[in-house]
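Structures incoming, each one as structure tokens.
In the two complexes below, chain A is the common chain; its partner is chain B in one and chain C in the other.
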Partner chain A sequence: MITEIAPTAEPVVTRPARPGKRRRAWDEVPRWQIYLPLGIYLLFTLVPFYWILLFAVRPAGSTSLLPWPATSEHFQKVWTERSFGTYFTNSVYVGVATLVLTTVVALAGGYALARFDFRLKRGFMLALLCSQFVPGALLLVPLFQIFANLRMINSLGSVVVAETVFQLPLSMILISGFIRNVPYSLEEAAWVDGCNRLTAFRIVVLPMLRPGLVAVGSFAFVHAWNHFLFALMFLSDQSKQTIPVGLNTLMSSDSVDLGALAAGGIIAAVPVVIVFAFIQKWLITGFSAGAVKG
Partner chain B sequence: MAQAAAVANPPAPPRRRRTSATPRRLPYLLIAPAALLMLGFIAYPVLSVFYYSLQNYNPTKPWRNGFAGLGNFTQAFAHDPQFWDTLTFSAKWVVVEVGLQLLFGLALALIVNQTFVGRALGRALVFSPWAVSGVLTSAIWVLLYNSQTGITRYLADAGIGSYGTSWLSDTSTVFPAAVVADLWRGVPFFAILILADLQSVSKDLYEAAEVDGASRLKQFLHITLPHLKDAIVLSTLLRAVWEFNNVDLLYTLTGGGPAGETTTLPLYIANTSVDAHNFGYASALTTVAFVILLFCSVVYLRLSKFGGEAK
Partner chain C sequence: MKSSIRRSRRAAVAVALGSVLALTATACGDDGSGSAGDKGNEGSGKGTITFWDNNGGVRTDVWKQIIADFEKQNPGIKVEYVGIPAASAQSKYDTAIQGGGLPDVGGVGTAMLAEVAVQGALEPLDSRLAKSSLKSKLNQKLLDNSRAAGGGDQLYQIPTSSNNGVLWYRTDLFEKAGLDAPTTWTKFYQAADKLTDKGKNEFGFTIRGGEGSIAPALDAAYSQSGITSFWNGDKTTVNDPKNVAALEKYVALYKKDTPSADVNNDFTKMVAQWDSGTIGMLSHNLGSYQDHLKALGADRFRGLPNPTQDDGTRVQISNPVDGLSVFKSSKNKAAAWKFVEFALSHEENSKFNESAGQIPANTEAASDAWVQRAEPTKLAAEALNGAGTKIVQLPYYLPDWNTISKADNEPNFQKVLLGKMTAKEFLDTLADQLDKAQADWKKNH
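Moving on to the complex of A and B:
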């Protein structure tokens, strides 16, 4: 981060000494036109985060606007009394299982789309695109019936399968794009050296896919971690529920315990923030290659 | 075509042919898991929705079940004011949300695309609500809008609004309140996508425009905007579909209330099927929603001449 800022910092500091001519054309925006709107928008972005942090750590009944003296009472309460400990475990299970299943299935399908020309390919690609218009929320009833027939209602497996299915199309399109970026000649060279297709894939292609797989996997995890409706509909036991459902329960009770709600919200946010910090750089530079341009 | 299956295969030595024994079937084996999952859990449910839309189907009233023809559809269009209300609200919600998200997202992307001190940190902070879930967004804004301890109290101290107003339970304030909450996490989506595309504009174009004496506004209108067009069309479309379908935020923030004021069509469908068990009718409404989405998407892509013009 620091290294990125350093070279560009210089012209700003020395600005009065230098006439505009030496600076680059696209760099000629007055500073206040950047910092003023950015500052106002950051206020809008950060005050809500500050607010939830404030409610999570200040003692019940306090109206202080500063987050200290901090207390962990809300966290302890929500973790044990409100079962967020259980929800957390369930959410981690759903998130990780969705990540693994989505990545493996999408990797196989993405490889086929990138490396072979087969009869059903166009139809399959079309189906992938069309599925983007199918709203999971509107398929709740038939999905519920299917999982009931499979005796998967009230098991975390139903949520994992449902999340995976709706993650697959985009993941597969993205991964096939990443695989196309790996030169086919590298794989061919490995075959000539006596590798079979699987070994060549493992040794040559897989290492080069790592950044892309991290991104796709992170998306799948975050999506499954955040998503609410499938867990709400398919899991009836309280011991099976996930964090978003727990948050909703906290919100929909008659007298909302704001401290507990805030602490629960922080617990819900932590893994997502970690993942986000992890993939943020890829997000900005990589989207133009993958998601937008197809 | 079948012979072309492994089209990119070089003339293979016999040994390798044995190891990848079935080059013709291999691609099908590879897409089979994905295809089966999507057939079973997307295609089949969609078909069953179409089927049930023509049926009276309510598990709690089995004596009335049976073929309904177009009865569910005439019921919706002719006799159900709630259908029209929720459809209108959905349209309003999508247009306002997507429009404002695009406007603010574009402005933010242009700002953080400049070179300035603290840019990396600024970007990270601006984009941070992107990954926050709908339910967590609701939780945060419930805390903010709370009439006793929320930010609204402090706004009232400063002379904005009045004390004791609960913004989410007042019919006159609930719409802007919900819009702002959804903007909070929706704007970064556009900002990220547009920023990614901004980075691929050739700097030479701006330098040339500068030499020709074009103002910054002109540069924006004639270089930046045409370059961004395809990305904007595609992201607004995806976002519109997403905003139409997504029920997490409104379900948890307002529950569709007060007095049904913020019930979208998908929320109404969920209530019809889950609470009222009227699966046949809910399926018909779902079918209508599909058709509307598909129709609007096609019209939008046609009108915007997506991908048609040279940049």
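Moving on to the complex of A and C:
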């Protein structure tokens, strides 16, 4: 039997600390104590990226430590000769489709977890969490057989479905946390005004979930974008492969074209970096809200 | 409010329809049929066959050329090429054996042949080869390797090419230091010492301490000890005192004449640092020739077969042999075999190996002009086929060989380099595992 969860009291709003005090505390810290550790951290983080950039743009055989004279030969090679243009399109398709499916299904499941009580709910939540500990490689054979029966082998749909299934548990738990943070009374007020549950959810709850949706959606996209195993196993046709598989084909058993590999790595990283640059504010808000208040 | 309800319903229907359409649009794949239990059939010798390249990417272009030539000569057969990253080929085969989706024909190297064959996925090829014009044209040593790697009873792989250990060395650094080419182990150790100047970040040698470290370590041990057989009855010779002493000498180079980061060296890191740094020698194989050529140019390096003993005795371990296998589950084995025969023909095998920089299995291809021009390949072929060369056959036929030589013992070799384990302890552990695996294998054969 499913019962709705009774409305809880409004969360107590704590008074934020006075901005003036925060500023004084900030002013008291010598700048070097902030910038020096940050600088060292940035150095450690950025040096590998610089190295990749160096290999990608300097001509083959060059040992220069500066990316000059620069060449685009490696990018041209991977994009045209190594079919990265096709891989890129396929990865975008898989990433976006996984994002959409994961977000839509996680919203529905998360809402049910947050707003309804049903038998074995705790067990279900526990099962969701436990599913995160099962490595994808263990499920490859059964998944392969399922997709084979559905005639979905060598179809991008198989990768989208597999990625979505593996993303859903964490996404549902996160989204349910966000939904619990939205006061139930707001939904009730919408019902009093004549909305049904779906409309109230769409008009009242959904706009307040934006940080959570960004967090879950970006997490799903990045995971699907980077994931190698499912694409390798379920797709055979070269025209359907994705970027991670393409990157691996740049390394043979005893030879590796480092320039092409670095250029391929940059092509693979750029969309993720751009996505994060645009959404980082919402992402941090989203994760902290879901984690702390959930 | 009614209009709001209608909008909500429309939205719900749109979401549901969108999801269904998205999945329908993408669900136009196939059923991936063909697993290990499937016995397949001869087929008509025409139609479409699937070919899995176990070293996809770098060799994609040359395989596509060979496929185009084949389709031109056999208009009734179409070959679908699937390039698989080398590092994942074994996983892809294993999944397909269990779940279905095996190809008609595929690249299977000797390193993974036993594991694939033992699962009953491969078609024995002895009778097909006996009737084929290829019979007298393939290198007998490589055929023997292929047969041994598959378990010894039947031939599951037709070799396309062989690799061989090569000691790459920087001719410019050797000339500057007044050193002879490192043709013997004595010259090798002298050069490693003389070329090392840690203060200037210059080293004599780079050792493979990470993934893939066991084969080069065993090659160095057997080559110095002069022991010519991997087995002495049912016991391995790997921990023979002579091999222990040879390995101790070899690992003593670590940090003395090599960079300390070498403990994590897989071939990628090792080749990259040799190509871009100041390191005198690198022990790898023919496969990295093109990388060195691009990075250093033809005049600054040479590739020799691994060093001999001072009296010229050459002992080396057997190198992985690449080859093609027909899968038992194929519904068109006749066409699959035609493709194997075509790929092993003189012209095509020559084309493939020139591109891969390896030693052709077709003896006519091995005499082609490009082999004579490519010095490392020519010298490697001479070393491999030389009458005086003694080859220690590694037990690729043991289904546990990959596990023993990789997951079980690569971390132990790192411990030896770091001084946390002695060479003797390492080789004793390895010997114990190999003896047990051999005993298990003998029970079933």
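Just so it is clear, the second predicted complex is superposed on the first by the 230 of 294 C-alpha atoms of A that agree within 3 Å, B and C clash if a C-alpha of one lies under 4 Å from a C-alpha of the other, contacts with A are read in each partner's own complex, and residues count from 1 in each chain.
We take it that contacts are C-beta pairs under 8 Å (C-beta built on N, C-alpha and C of every residue); 3 or more make two chains touch, one makes a residue touch a chain.
All of these numbers come straight from a predicted model, not from anything done at the bench.
Asker: Given the touch rule stated above, what does A:I203 touch, chain B (first), chain C (second), both, or neither?
Answerer: Only chain C; A:I203 stays clear of chain B.
Asker: Give one of first, second, both or neither to describe whether A:L258 is in contact with chain B, with chain C, with both, or with none.
Answerer: both
Asker: Touching A:T63 in the superposition: chain B (first), chain C (second), both, neither?
Answerer: In the superposition, A:T63 touches chain B and chain C alike.
Asker: For A:R151, is the partner it touches chain B (first), chain C (second), both, or none of the two (neither)?
Answerer: Second partner only.
Asker: Let me test your reading of the model: by the given contact rule, A:R31 touches which partner, first (chain B), second (chain C), both or neither?
Answerer: first
Asker: Of the two partners chain B and chain C, which one touches more residues belonging to chain A?
Answerer: Touching more of chain A: B.
Asker: Once chain A of both complexes is superposed, is A:D237 in touch with chain B (first), chain C (second), both, or neither?
Answerer: second
Asker: Just chain B (first), just chain C (second), both, or neither: which does A:V141 touch?
Answerer: In the superposition, A:V141 contacts both chain B and chain C.
Asker: Mind working out whether A:L113 is in touch with chain B, chain C, both or neither, as first, second, both or neither?
Answerer: Only chain B is touched by A:L113; chain C is not.
Asker: Same chain A residues contacting chain B and chain C, which ones?
Answerer: Common to the two interfaces on chain A: residues 63, 137, 140-142, 145, 161, 194, 196, 233, 248, 250-252, 256, 258.
Asker: Which stretch or stretches of chain C touch chain A in the complex?
Answerer: Per the touch definition, chain C meets chain A at residues 1, 4-5, 7-9, 11-12, 15, 18-19, 22-23, 25-33, 50, 52, 55-61, 80-88, 91-92, 95-96, 98-101, 109, 163, 267-268, 271-272, 276, 284-288, 290-291, 294-297.
Asker: Going by the contact rule set out above, which residues of chain A touch chain B in the complex?
Answerer: Of all residues in chain A, those touching chain B are 1, 4-5, 8-9, 12, 24-29, 31, 34-35, 37-38, 41-42, 44-49, 51-52, 55, 63, 105-106, 108-109, 111-113, 115-121, 124, 127, 131-143, 145-146, 161-162, 164-166, 168-169, 172, 184, 188, 191, 194, 196-197, 222, 225-229, 233, 244, 247-248, 250-252, 256, 258, 261-262, 264-265, 268-269, 272-273, 275-277, 280, 283-288, 291-292.
Asker: Taking the touch rule as given, give the residues of chain A at its contact with chain C in the complex, in rising order.
Answerer: 60-61, 63, 81-82, 97, 100-101, 104, 137, 140-142, 144-145, 147-158, 160-161, 193-196, 198-199, 202-203, 232-233, 236-238, 245, 248-258
Asker: List the residues on chain B that touch chain A in their complex, please.
Answerer: Touch residues, chain B against chain A: 1-2, 4-8, 10, 12, 15-16, 19-20, 26-28, 30-31, 33-35, 37-38, 40-46, 48-49, 52, 104, 107-108, 111-112, 114-136, 138-144, 146, 149, 151, 184, 192-193, 195-197, 199-200, 203, 206-207, 209-210, 216, 230-231, 234-235, 238, 241, 244-248, 251-252, 255, 266, 269-270, 273-274, 279, 282-283, 286, 289-290, 293-294, 297.
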